[in-house]
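Common to both upcoming complexes is chain A, partnered first by chain B, then by chain C.
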Partner chain A sequence: MSAQVYIFRIQRNMPGQVGTVQSHWQEYSVEAEPNTTILTLLEVIKGQQDGSLTFRQSCRSAICGSCAISISGRTRLACKTHVGAVARDGVVEIAPQKNQPILRDLAIDIRPFFARVHGIKPYLQEGPEKAGKVTSTAYDQVNHVTQCIMCACCYSECTMAEVNPDYIGPAALAKAFRFVSDPREGKKTERLRELSEPNGIWSCTRCTMCVDVCPKEVAPMEAIVKLRTRGLDKGYGDSAAAKHALAFHEDIVKSGQLNEFTLMMRTLGIFGSMKETAMALHLAKKGKIPSPFPHSIQGVEELRKIYASLERTPVDVETKAKQAVPE
Partner chain B sequence: MSLEFAYYPGCAAKQIQREADWAARAVCQQLGIRLNDMPRASCCGAVSLRETKPAFAMAVAARILSEAEAMGRDLVTICNTCLQTLSQANYRLQNEPELLEKINAVLAEGGVRPYQGKIQVRHLLWVITEQVDPHLLRSKITRPLKGMRIASFLGCHSVRPVEIYAHSANEENTPHLDQLISIMGGVPVNYTGKDRCCGFHVMLSDKEEVHAMAAKNCLSAKDAGAQIMITPCTLCDMIMGSSQELAAKTVQRTIDLPEMNFAQLLGLAMGLTKSQLGISRLHVDPVPVLSKIGLA
Partner chain C sequence: MKSHDLIIVGAGLSGMRAALEGVKAGIDVAVVTKVHPLRSHSCAAQGGINAAINPNDDWRVHAYDTVKGSDFIGDEDAIDLMCQEAPIIIHEMDQMGTPFSRNDNGDIAQRPFGGASFDRTCYAADRTGQVLLHTLWERLVHSGTHVYEECHVFKLVLAADGHVAGLVIYDIKTGELTTLRGKAVLLATGGYGRVFLSSTNATTNTGDGMAYALRAGAPLADMEFVQFHPTGLRTSGILVTEGARGEGGYLINADGERFMGRYAPKKWELASRDVVSRAEQTEILEGRGKDGAIFLDLRHLGRDKIIDRLPQIRILAMDLEGVDPIDEPIPVRPTVHYSMGGIRTDKYGAAPVPGLFAAGEAACVSVHGANRLGGNSLLDTIVFGKITGAHASKYAKTAKLHDFPADALGEVQERVRELKARPDRGVRPAALHHEMAESMNAWCGVYREVNGITTLADKFAGWRKEYERIHLDDKSPIFNVDLLRAIELRNLLDLGECIVKGALARTESRGAHFRIDYPNRDDANWRFHTLAFWDEGGQTIRLDREAVRTVGNPEYAPQVRTY
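Right after this comes the complex of A and B.
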């Protein structure tokens, strides 16, 4: 591997009048080997070319989470990202994290993010559920979420946070899963009730973005999926999204196919559906009203037997986190 | 080499988005790809079933995979969520022998043939861009798109999580749709919303947010100069196309970006008729844009 010149196209942000930020793009060129980290090169730029460039950094070892920024369109840790892996025709585009208030240049105000994390009460609580025995396998389920370093890469890329600032977000929900799963936690059920409320677990779009951008393999969406399962098991299935999810196994057992005709009614209820008449009429304009009686698949009785068997004798298929390896 | 698959269109293509199924069958006929129906296959359950009944979800997926395996064919689909759901199950069943054994025991309770983990789950788009002879594909493009600027909307579930899609290890460079656009004679447009979410899976529960997402992503394509948008997913089609006008109303903007399934645009570039491809079922009329290049 040999050194080459890279162009760093960096978004510069300066606070303007209260609540506003003035942005422009500035280019710097640096010579580097492809396996040099972005963080090293930001330091080179700051040290040798422009001392005014502002960014956060601390550990250089992908453990503190300070240097998460948008690099070539994705939020990543600058200290863990090699320039050669992200340059497009020799250009690297650098910007602050998304979905967060910008302070200056690449530094964002991390407080709103941590407010969400604190909102899920990230500590063990005493409560009606007695502390259980901590077995050697008790943490198999949560090892992946305990790897979280709170870098907020997932929140920056979260497609729901982009349009709903009240959404709790992937990192905080993954953290919540860690406490719901802790044998010592006294308020597991209470947590699940709270998490099932609006802007909680049911607002995740399932876009899987957080799973891919996480630099620590936390897989927040998998934690959200498991929280939903546990919430439903406790009977918190009243939200529209939960009812929608529950419709799937009903339909599969009934005919093998989703009944899109009745799906809206079952999700929103009769009054909720009436409010959606505009949507139904809009679809009807193009003849897109599904049949109320979808054909049954062949062998639907096989699915009924399988379902009944699993209701009698449950089988655990949840992913068990890989053994947590300290990095 | 003959290409033959077990064809799993997904619930949306069997009902609301039927035109995507018509287009898929029509282009496959042109390309000599044989699609065999799967009469026993159920709904895949999507992520929802994995949430409500995780073990049942795994068994439902295994039963579908087993049917394709019994047909001796890889499975091909045109729905991103079916692709992700079945690929995720397949990835686990192929890599976790104990799980496969457990699930086969469950299948046996229903009298279903055990799954042996021998098939692959493929998207029709991948088949067309990776497996069809490129000369054949090019020779079928009889009505090229003459530099039409096209936004590819990837749809989350055909690119993420990378873990289960070994062949596209770098999700940011998933090239299939843009490759196809170039082959059809169009110009792929780069825009920020390309790999974002259409919001389909929370469309009934978080409607305003979904409309905001759809509007934002469509507008970012439009602002980047796109004349038309294509997706590889019947669920994205339902939001980015069928619900686009509703989304536009929510954000009080005009969007008017024609959107269709990739197979429909491919069919048009192959000279197939609009009625064969269900073009009249699209909510945002593409005819004005298509007529500019003599395609309508």
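Right after this comes the complex of A and C.
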């Protein structure tokens, strides 16, 4: 490895009139070995070339969560990203996190993100469901979630947050899972009820961006999926997304394939489906309306056995451990 | 003018634990912090927290280990108090929700740590600080305590009668300077690692609280005792937990020799940190290192144990040194890690300035003396966060607000205005900081001697002059980190001078302070705390000394310290 010159193309943001930000791109060149971190080089630029360049940083070791910024199109921790891994033709493009208001240059306003985390009541609560004894395996389920450092990389890249600012978001939901799964939590069921409300667990599209960008292997989407399962187990299946999931489940167990003809009605209900009549006619014209009587697939008996076995002994997809009983 | 009964500065483990005591006492408590609480450097503590929770262990043994670890200069009343409280606060943290690692029977797991005679260190894999910090933040959110987030303190203000009056704070988000009146102020601002160039510490660890207390007339104690952690990564200085050695890791030199047996024949890699750091430095100085480092070898632990117990360490080594510890030893070296010194307090965290309290690394209670044991700092932060928080709350309940000097705000406003108004000549703050920090590493490191320290001590007057000429590139009111670093740089200069003067004065070797020209401990002349005061007239540091607080326990009498 040898040193080379990199161009840092950095988005500079300065607050203008109330609520507006004036942006422009500024280039700096800096010489470095490819395994130098982006944060180190931002500090070199700030210390030696332009003291006005503004970004958050603190621990330098990927545990405080301060330095998440968009680097070459993806939100990452500057302190654990090597310049050589992200430069394209020697150029690194740097911008603030997405889906959040900008304060200045690369520093976003973190308050809206944390307001969402506060919204899920991020603390153990006293209540009837609190268990007396913590077992040795009690945290196998939540270990990955407690690694979260609230850097907001996931929120920055969340495709649902981009279109729905009211969505609680992956980090807050992963935090919620941590409490639902903790034997010491007293209000697990109440949490599941609240999380099943609009803008909660059923708003996630499972695009997996949050899993992909997380620098701490928290896998927020895995937590969201588990919250859904537990919510359904408690009978919180009223939302369209939950009904949709249940309809899938019902069909696969029954025949091994979807009954797409009735799927929409089971998801949106009769009145909801009527609103989609125009779309249905359009599909019919193109010959896309499936048969209302799908055949069972070959080997459906085997499939049912797999289902039955999983219902008896659920396996955690993340840890491959047997499901810790949430109560 | 806004006011609170108790204002806590800093939202790490000490600050947040103290705030919960304020809530419990029913007073109006607020927290001021320059970073969001979860960004506080407590999160970087990895290995664990000591407590005699095993029925076969005893807090008295923990206390003795700590007295010995301190090289017999820790205050014995505070050490006894901390070790007695330890099992209680572990239980409390567990109840609050900390996901400690557990044994098969569900009990909290414990691992061996340096300088300890029992496997006493409770942990959560290798991210104990992070889970403790998140737990206390959860309780703080639950309590509804008001937190001034991303607000920097620029001055600790005293009333004309010398009692604490409050603070001048700077909202980083808006650039607004305001005053905050308080009946009591508790400083929990952590350490000053950035005084040195190579450090395990965050860039935000600038010892602000210590510096403000010093300028307000409070003494700092034992500043010459700076802990060098034996295993900072070679390039960045980032911490590799002592838990790596606790789990069985070896230290080897470039020849592959496991060398600690020559320095600490009983405890090997688990001797106390000062002993291990000196051994490493000797290996490096005598040519048995490689590129200024020796190696932490975990290979024999095996893949499963490394991934289970030290997952974060493995990732850090891969990300920052390009080494997977499963296959290769990690290059490490002694690196500035912790400040045993700090704001001098009694065992309840009260400083000699009325209305002023301090806890955690910012304080010198002193439970660590000349050398802190691994696993005792997380313990210190939570125990004394709790104790000091309770005492400060009790104090604030009956105290009154003192008159806030009319000119305090204007004086700080003028300082900020003047810094920003300087023409773009002279050096940037980063350049002056680099020069000072590099010199500190060079002449005030693991080994010290009179010529180096004297050279260093003589530089401070020049650096202070240089400081008056630094200029800021950033004139903006919004998130002006350039300004913050300029303000912090004066704090670092003040603290650096305390460290150097203390190191020059202390003509003995004790704990982390090793003088080549005075290689022995000198109990007759030096079993004292060093006190450092700010001399406003001379714009420099003045030293004094104070006796160690003893409890009359014959077992605590100084003896030869071997591991």
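Heads up, the rule we're going with is that the second predicted complex is superposed on the first by the 299 of 327 C-alpha atoms of A that agree within 3 Å, B and C clash if a C-alpha of one lies under 4 Å from a C-alpha of the other, contacts with A are read in each partner's own complex, and residues count from 1 in each chain.
Here, a residue touches a chain if its C-beta (ideal position, glycine included) is under 8 Å from a C-beta of that chain, and two chains touch if they have at least 3 such contacts.
Being a predicted model, the structure only gives us computed values, none of them experimental.
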| item | value |
| --- | --- |
| Superposition on chain A - do chain B and chain C clash or fit | fit |
| Dominant contact partner of chain A by residue count, chain C or chain B | B |
| Contacts of A:P101 with chain B and chain C, given as first, second, both or neither | neither |
| Touching partner for A:H118 - first (chain B), second (chain C), both, neither | second |
| Partner chain(s) touched by A:R206 [first = chain B, second = chain C, both, neither] | first |
| Partner chain in contact with A:N143 - chain B first, chain C second, else both or neither | second |
| First, second, both or neither for A:Q298, with chain B first and chain C second | first |
| Cα-centre angle that chain B and chain C span when viewed from chain A, reported as a multiple of 10 degrees | 140 |
| Chain B versus chain C as contact partner of A:Q48, first or second or both or neither | second |
| Which of chain B and chain C A:G186 touches, first, second, both or neither | neither |
| Which superposed partner A:H249 touches (first chain B, second chain C, both, neither) | first |
| Minimum C-alpha separation between chain B and chain C after superposing on chain A, in Å | 15 |
| Contacting residues of chain A [partner chain C, same complex] | 14-15, 35, 37, 40, 43, 46-48, 50-52, 54-66, 80, 82, 103-105, 107, 109-111, 114, 118, 121-124, 133-136, 138-139, 142-143, 146-147, 149-150, 182, 184 |
| Residue ranges of chain C touching chain A (in the complex, touch as defined) | 35-36, 38-41, 43-44, 94-97, 99, 102-106, 124-125, 127, 129-131, 134, 137-139, 141-142, 149, 173, 202-204, 236, 238-239, 312, 315-316, 319-320, 322, 428-431, 434, 472-476, 478-482 |
| Contact footprint of chain B on chain A as seen in their complex | 72-74, 159-160, 162-164, 202-209, 211-212, 219, 225, 228-229, 232, 239-241, 244-249, 251-252, 256-258, 260, 263-264, 267-268, 276, 278-279, 282-283, 285-288, 290-291, 294, 297-307, 309-310, 314-319 |
| Footprint of chain A on chain B - complex, ascending | 11-12, 14-17, 39-43, 45-56, 58-60, 63, 84, 92, 99, 102-103, 106-107, 109-112, 156-157, 160-162, 171-172, 192, 196-197, 199, 201-202, 204-206, 209, 212-213, 216, 242-243, 245-246, 280-283 |
